[in-house]
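Quick heads-up: structures coming right below.
Each of the next two complexes has chain A plus one more chain, namely chain B in the first and chain C in the second.
Our next item is the complex of A and B:
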């Protein structure tokens, strides 16, 4: 009889342990387990016409944003917010590179991007590339982007508008809605950057 | 070898006992992770009883919800993809349901959204929010998830998911 009780106890202990481990896993998995789910390698062209890859940004914290220069509101707002965030980072500013990746490579050439990104701050990088390279980057960052014809015969873009934070190893850390205010962003970044 | 049937039964009983005792405490998965089907089902019932009359049985909201009606009050917005419920964090949705919109409105603002704090328990409120979220496509769930402090777990979303096009053409 005591033998059965002992086994009952073992069963109890094993199941309890498994449940606790599972709970702990689901509770804490949220922070580190997203590396690889968002982001990845890319080969694009920067605002100076140079070919760059994700490896060129190793060692730097990145704020990545996808948009297009003809964008009437969300993109300039997001980029302004990033600029204002950098101003609040103090000494940690030098560790961060903001990157704007166009979803409209047909109109956003390197030259177009150069003057556009410069208006938001000196350290901004603008990236464009072939349609295939841009599509690959969009897929890696789960960005929706589609042309929307306008009555004047041109087009606008419907697109996801999200700020991504990548660590110095190029791993995804977290992301923010585009309307997140600079004070909140700066505070989160300061706590993330050691 | 003789199979120790009694021992296996005892082991199983012990395990079942542990599950029975521990389950009530871990039923609520932390916000932002996979939705708990038990919670979603409970929330569906809460929704039908307390929310559907205004927000619609298909979460479609009331007509012309984006403008105040003749009485000056805003109609009930949809909770599906066409509304903006998904633009609020879990904590904000809980607050909106428990105490109506006043925490986010200008002083003196009046709303038809009831405060459910005395009517529904905190758990029921979490359940109804989980139910509402369970009706969203992956893109909205992903977007809403990032608004939660620890809510960036995307692993359980289907492959090929995209963030919703929050920047949309709104010209002529």
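Our next item is the complex of A and C:
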């Protein structure tokens, strides 16, 4: 009898673990069909209010970063690093477009993004969109984002903070931690861009 | 005991107290307080600084007349960054403690005006033992604001003390 209960207990634990693992997997990886692939088609709105898709960026090297403008620490650090990286690219700078995709479309309108991204460099693109369009982009890039309520009644966002490098065909090449120093980033990009 | 002796005694006590008072005032040093210029219409910013305390102490609150202020910790957990309010930041005796990007910061929210490079504003840290200490926070340009960043937290290894921010 004790053994039977034990087996039942283990069985339940394994089933619970499997359920949790599956939930985590689908949350992070999106649908199974794009698991392992980073990036893909998107339709979003740029900082000038124009609808843009991934096809509009074909032919350009991209540095893609997901964040939100109410983020005072990680996001400016990452965007500063991207800006400083561009400064070190020399002639290859003109081949690169840095893209900031908001994970907080409720507060980050096109107008909000326009002055925000311009602060980090002239070639920065800021993208927002409907909740559904932003969620699709997050899933395509395997980005985790969730609201965390604050005591003042507002919220912060918990989010993956990663720089993605995409090639001119829109294919994922590599990614970097948000705090990678610009010299390292620039060296790597210079060796990647022919 | 006559009056003269008493006054002499008081003077002696006073002499003993003076250097003590001076030491108490220098017991906590807060330096290199800075923040970034706010990008776009951002109304929040993170303040960074370095604390050296002669005694073990803790920061329990921060205030500034220009905005709401709170103690925050930014952490990476499995690649996911999260920012959380903390009630208390413990400071080890005689060990520089850095509030620095991607670690501890003093979060200021609800700024009524943008922070521009070269601006200064007062910020008061409340220490559990040392009480309030007010510093001037310098607003640095957005794009030059993180030149060489020390690790947030205390200097774990002795060799790391040379990573202090230049004045």
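Rule of thumb we're sticking to: the second predicted complex is superposed on the first by the 158 of 194 C-alpha atoms of A that agree within 3 Å, B and C clash if a C-alpha of one lies under 4 Å from a C-alpha of the other, contacts with A are read in each partner's own complex, and residues count from 1 in each chain.
Rule of thumb we're sticking to: contacts are C-beta pairs under 8 Å (C-beta built on N, C-alpha and C of every residue); 3 or more make two chains touch, one makes a residue touch a chain.
Predicted model only: the values in this text are computed from it and were never measured.
Of the two partner chains placed around the shared chain by superposition, chain C is the only one that A:112 touches, whereas chain B remains out of contact. With both structures placed on the common chain, the touch criterion links A:161 to chain B and to chain C. By the touch criterion defined above, A:120 reaches chain C but does not reach chain B. In the superposition on chain A, A:132 contacts neither chain B nor chain C.
Shared-chain residue A:37: touches chain B; no touch with chain C.
The wider contact with chain A, measured as residues touched, comes from B rather than the other of chain B and chain C. Contact with both chain B and chain C is seen for A:72 once the two complexes are overlaid on the shared chain. With both structures placed on the common chain, the touch criterion links A:91 to neither chain B nor chain C.
By the touch criterion defined above, A:144 reaches both chain B and chain C. Counting contacts by the rule stated earlier, residues 71-74, 144, 148, 150-151, 156, 158-162, 178 of chain A appear in both its interface with chain B and its interface with chain C.
Considering their complex, residues 3-5, 7-16, 19-20, 22-23, 26-27, 29-31, 33-34, 37-38, 67, 71-75, 142-146, 148, 150-151, 156-162, 174-178 of chain A touch chain B. On the side of chain B, the complex with chain A involves touching residues 6-7, 10-19, 21-23, 26, 29-30, 32-34, 87, 139, 142-143, 146-147, 150-155, 161-169, 171-172. Put simply, chain C touches chain A in their complex at residues 36-37, 39-46, 68, 72, 74, 76, 79-85, 101-102, 105, 107-109, 142-143, 145-146. Residues of chain A touching chain C in their complex: 69-74, 76-77, 79-80, 83-84, 112-121, 144, 148, 150-152, 154, 156, 158-162, 178-179.
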